[in-house]
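You will see subunit A twice below: alongside subunit B first, and alongside subunit C after that.
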Partner chain A sequence: MFNEMKFILNFILLFFVLLKPLEVFAEEEILLGLIPEQNIFKQMDRYKPLAAYLSEKAGVNVRLTILSRYGDIVERFISRGLDGAFFDSLTGMMAITRLGVEPAARHTNPDGKATVRSYIFVRADSKINSVKDMKGKKVAFVDRATATGYLFAIAFLRENGVSDIDRYFNEYYFTGSHDSAIYAVLDNRADIGSAQDTIFNMLASRDITIKKELRVIAQSEELPETTLCLRKGIPSQIKKRLTGILLGMNEDPAGREILKKFGALKFVEAEVKDFNPVFSLARRAQINIREYKGTR
Partner chain B sequence: MTALSKIQRQAAAVCLAVISFFLLSSFQVFAADKKTIGVIMTGDIPYYSKMHKAFTARLSKEGYGDAQVLLQRPYPDQVSWSNAARKLIAVDVDIIVTYGASVTLAAINERTSIPIVYAGVYNPDAIGITGKNTTGSISKVPTSSLIRYLKGITNISNLGVLYSDIEKESIRQAKDLEDISKDMGFTIVKINIRRAEDVRKIKAAGKLDALFLTCSASVNMSLNAILEIARAGKLPTASSMKGENNSGVVITLSASPEEQGELAAERVVKILRGAHPNALPPASGKNIELIFNLKENMEMGFKIPMGLVTEATKIIQ
Partner chain C sequence: MKKKIILSLFFLFLLFTLGAIMTMFYILRVTTRLDTLITLHQVEILRQDLVINVQTVQSHLYTLGTSFGKELDVIVENVATLDNAVQKCSGCHHSPEITEKIKTIKDLTEQYKEALSTFITTTAGKERVERLQIVAANIGTMILTKTQEMALIANQRLNEKTIAAIRDVSSSRIILIVTLLLCFFIALAIAASLTRGVTEPVSELLKATRKIKTGELGYTTSYVGKDEFKELLESFNDMSITLNENNKKIIQHLVRLSGLYRITLSFHAITNVEDIYREVSYGIAELVDIEQGGVMLLDKDNELFTHRSPAFGLAPEQIARIKIPRENFIDICRSANRRPLMVNDNAASLPLGEIDRGLNVKNIMLIWIRQKGELIGAIRAANKKSGDFSEEDARILGILANNISVALENAKLYENLRKQMAELKETQEQLVQAAKLAAIGELASNIAHEINNPLTSILGYSELIKEEKDINNIMRDIEVIEKESLRARDIVHQLLEFSRKRPLEIKEIRINDIMSEVLALTAVPLKDSSIKISKSYEDVPVIEGDANQLKQVFLNIINNAIFAMQDGGSLGIATRRGRDDNIYIEISDTGKGIPQEILQRIFEPFFTTKQEKGTGLGLSISYKIIQSHNGRIDVESEEGRGTKFTVVLPVGVK
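Let's turn to the complex of A and B:
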């Protein structure tokens, strides 16, 4: 009787001992931040299936959180206890420089490129053709902490003799997302806009009138596409697992389906050196990236 | 005594003449300084009323608060517009100010040498309002943007376009919509609204998915009746002329009427101070408002377009 009891107790003990790591594993969660590249509803719609796929394949709950604005993104990465974030090229570079986050993967666009450009654009019927014509006009930037929605424009303006945008323009403002900057110019709410080419081209491909009504007057060199960067110190097996799943998505029919909805062909490995063009752009804009907060 | 009286009389006469001269000349100076501004505002439309309020306020701010403003409010038809312009020319006002394209064209057609300053003209170049002793403020907004936002609320196969065939700019806007419809894949059904009773034509126009109100005085004068029909038929509405705060139009993309009035006043002041209208290029409105009437949208049972909620400069709840 005693032996039977002992056996049962040992069995229960063994059961809990065996279960313990499973519990830890089940509670494991990865929190990833999203920059407000497009309006937050569209952004969530775009990334949710990807997070679900990662959760399923990795066996961990991958949760998303929108970083409501670009500025202070580095500080908020820490305060929100993020494990990683899908950064654009400028915020990615800021996070690499200051937090030591490690680039993991970035996606390639339908044209096969894993890079983006910044566009400076006006309405097609606008009389603005050069920086000289921009004097006294109204500009819609995306955010101070974006390369494609601000940094390139500042570098471009500096190289064309404009060092003080407060004086040069009648008004400028920040729309918070690339699509909003595009719609602001389309609606005539701004004379000039600066935004990312992929968002611009995506909207133009869905609506032919957008292509007809806007005119690109300057574009940047190629900059890295949105990159998943993981925090310094994240267990290497988790980093490997997540990166591996992303890099293999295009080999899996379910993964391909999600990539298609996401607007990507595949994910490719990302490295710190991919961000070199952003360093060069920051120098041209005379911005010290180590001190730059992306806010006024 | 008599000789003295004669000298006194002569002195008094000289004094009187001098005083009269000064009084008269000062009156002439005063008469020359007090300016008369003729204003033509067709229809009883909030958009123009807001414009006029901002215009007079700016005029006062610039030191012309004592200017005499002769306001003409003709009914929206060609004869009334011409008569209003003729009256102002007959009293020889210093400047004629016009709100909207139709009255501007009517004033130009009178071939007066009096400078004309317009406000709230959608696309002056397209309808021949250029040079000719005129300047003013342009209220153009992209019609395609309004359609884009409208399509975010409901699928559009047939768009009812309310216009007036006697208002050149309204015809032009209907034509723009016809061009856009080819790219955006819908058909337009033009409905001519000249008088209040013409709104009945909306019901007779067949199946419509939404209504577009062009920048016509006649259309906007019948706004309440149009909106009643729109509500009953669950037709979302779009307009490029800002109305009252809760007018019931679902989407409005409009140049600010206040800014239009102020821009016109700036030009009037410069002309009164000696500038020639042709030396003052027309100014485009910078303050473009995108107003979304969420309340009306929900009452009609349409989905909430998140893109529009994000972009709107004002949401009516």
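Let's turn to the complex of A and C:
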């Protein structure tokens, strides 16, 4: 009799223990971080409809938080208690390596590719055509923790004989966002810039002066597009649900409308191996990803 | 009134429409002003929100990265709110000056966002970062400055609008109050006028109807208006007058009908024609108010229609002069198409022969009297006191004429009946006498024997006297002769007494004595028969009746009983008083009885079973005698066993 009661009590206890994670997500929310790919306000505006769609479909309040800088993204991921974040290829790689986050999905661009490239650009009227012409110039990177806004440029510079950028350039600084880097060159606040092609092309399509007055002098190989990575501890059913909703968006009229505004065709499944080109690029830049913090 | 009501309602409608339009106009004007004010205040709130948001963002800008700094999300949120405020501002309609400023602020906001984002996300040397911060802060300051400039303009406009709105509200309030009061008082005046216009004639009407209700027919109102109510009240007055006239006519008619009824009612009790003539004469004088009136009837012997006496307003010699030959009279009736003849003008021109000669007739009416379709006379009414004869007079006298016809017929029938009744009475008396004589005849043989005995004794003793010498014996024989003679005389006297024709003599009688006397009359045949008599007399009360006639009844019944028991039997005579206070005389025999088929006929005159020995009148006469005493005779009979006659007489017959 006593054993039977003990068994029943244990069973009830086990039931509540198993139920606990679900309750947490049901009662609380999912907090997703955004990297400042572009103007943080525009970035927030771009992702808000997507978060609202996920909230409605998943039945969980999906909230967004902007991460001010790429560099401290891993620390902030922990300190803010994020459940996931839309990482670019380098921060994604860093988070996978150091935090063990799991890639869930990434979007494809209007050209159908789920990849991006890094551009190194100068003003069209600039006399800079090669790395040699860059010496003593002012450079605007995006952030040390971006592949398209920094890592490729470093690899490119190293491959062209520049090992110390502090000495080679008159000044370089980090705008924190791709569009800021683009506008810095456009506005003559920098001579050379490095930014992601999708941002560059998007701004160029809106602002004809970018197309006219900027000239791309180098571009990287294809790197994975911004990817939603979720922390390890998220219950698999939540992860599956979120991933499922994102992957099925293009089949839902409302989802398609949001994708259109977002500037994407659809979401595709993301895997760790998608980040292999970033490893390759890091090696070319002579950066050890496992130790790299993205800050000076 | 209808026109007045329609005009009033139309005027009220116009008044209220005008009032409503004015009210709506002023409410709309005021609310528009207030809307503008509210909008301006909302704009001011938006502006203040904008300022607060810019100031908040500015403060965050300076504290970002310090221990006082807010989280980036808060800053982003504040900037989003700032952006919304600017979007709202630009969404409103403004003057070109304000619109330009808002556009500037909007552009500055975009620049501010860009600068803020750059400042927040840029990682560079301290100098560059500070420069970026200053750039952003400067843009923020510019937004504040522009907002303040806009606020100055907006406040000036707000003040102007507020003053205008307050002025409008104040003037609208006065105008609305004046309009409402004006509408109210005008409506009140119209309502009062309409109410007075309706209630005054209605009150008049009500008063008039109450007067009429209380019997004041003919009452008229004195309303002097010129509207439909005047027509209504005039119609009402006409109705009241008509009602009064009709009422008078009805009353007059009722009086006439009452008179007619009284006259015709009297016809039921009148049995001689003179009385009818008198009632009719005076009746028509009363009904149609005439100077001369009476009845003319056909005298068949002389073929003349003559005026019958007595008549109203005509002396016997005048009545005697009114006679018209039958043919002339019928011609007059035909000339009037058999309808009542009314001559109100030039009555003397009528072809009435000598009828009205010297009677001073001014107008005349003849109402024909018919009997079984034949013209037998006329009601003659002449010289109506109040105007001409009318159809109404003709109708009333027409009814009377019909009743006269019936009354004359009744009087004639009554006269005939009276004659026939007299004849019948005489016949009945003759029959009773005949029956009585028949009964006497029947008795005679029996009585002869009874008389024969004393006569035999007298003759015997006469013979003895002749031979007797002794005076004592002679005297004794003479006494016997005298006694026997007296006895014979009594018998004859009784017989004479019974057979005498006498009227009904009602006096107090004792029924038991009557029965004894009847039995004495039947003693002889009973003595010779083998009939036993049983008598049972109760002490019955004295009754009133004709002893002689009752004796005749009982004698008849007992004779029949004796006849029925020729081979002997038992005769029962009983008297008793019943529970109904009547006296019951039962005479029963044990004779051969009466067959059922003839039991119903035994009281029919001349019905007999005695062949030549009976007249068939005995029981018939007996039945009538008992009926005349308000009594009855019951018979029970069973063939071979006997018959019982029960004579029931009431106590106290008058």
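Just so it is clear, the second predicted complex is superposed on the first by the 270 of 296 C-alpha atoms of A that agree within 3 Å, B and C clash if a C-alpha of one lies under 4 Å from a C-alpha of the other, contacts with A are read in each partner's own complex, and residues count from 1 in each chain.
We take it that contacts are C-beta pairs under 8 Å (C-beta built on N, C-alpha and C of every residue); 3 or more make two chains touch, one makes a residue touch a chain.
Given the structure is predicted, the values throughout are model-derived calculations rather than measurements.
Trainee: Fit or clash for subunit B plus subunit C once both are placed on subunit A?
Mentor: clash
Trainee: In the overlaid three-chain picture, which partner chain does A:186 touch, first (subunit B) or second (subunit C), both, or neither?
Mentor: first
Trainee: With the two complexes superposed on chain A, say which partner A:39 touches: subunit B (first), subunit C (second), both, or neither.
Mentor: both
Trainee: Is A:269 touching the first partner subunit B, the second partner subunit C, both, or neither of them?
Mentor: In the superposition, A:269 contacts neither subunit B nor subunit C.
Trainee: Using the touch definition from the top, say if A:138 reaches subunit B (first), subunit C (second), both or neither.
Mentor: Touch status of A:138: first partner only.
Trainee: Would you sort A:213 into first (subunit B), second (subunit C), both or neither based on which partner it touches?
Mentor: A:213: touches subunit B, not subunit C.
Trainee: Taking the superposition as given, does A:170 touch the first partner, subunit B, the second, subunit C, both, or neither?
Mentor: So A:170 only meets subunit B here.
Trainee: For A:56, is the partner it touches subunit B (first), subunit C (second), both, or none of the two (neither)?
Mentor: In the superposition, A:56 touches no partner, neither subunit B nor subunit C.
Trainee: Kindly classify A:65 by the partners it touches after superposition: subunit B alone (first), subunit C alone (second), both, or neither?
Mentor: Second partner only, subunit C.
Trainee: Any idea which of 110-118, 344-352 or 470-478 of subunit C is the one running into subunit B?
Mentor: The one stretch of subunit C in steric conflict with subunit B is 110-118.
Trainee: Once the two structures are fitted together, what part of subunit A is touched by subunit B and by subunit C alike?
Mentor: Overlap of subunit B and subunit C footprints on subunit A: residues 39, 41-42, 171, 177, 180, 183.
Trainee: In the complex of these two chains, what residues of subunit B are touching subunit A?
Mentor: My answer: residues 140-142, 144-145, 148, 180, 183-184, 253, 286, 288, 290, 306-307, 310-311, 313.
Trainee: Using the touch definition up top, name the residues of subunit A that touch subunit B in the complex.
Mentor: Within the complex, subunit A touches subunit B at residues 39, 41-42, 123, 138, 170-171, 177, 179-180, 183-184, 186-189, 207-209, 212-213.
Trainee: Write out the stretch or stretches of subunit A touching subunit C in their complex.
Mentor: Touch list, subunit A to subunit C: 36, 39-42, 44, 65-69, 71, 143-144, 171, 173-177, 180, 183.
Trainee: Residues of subunit C touching subunit A in their complex?
Mentor: Answer in residue numbers: 72-73, 76, 79-80, 83, 113-114, 116-118, 120-125, 128.
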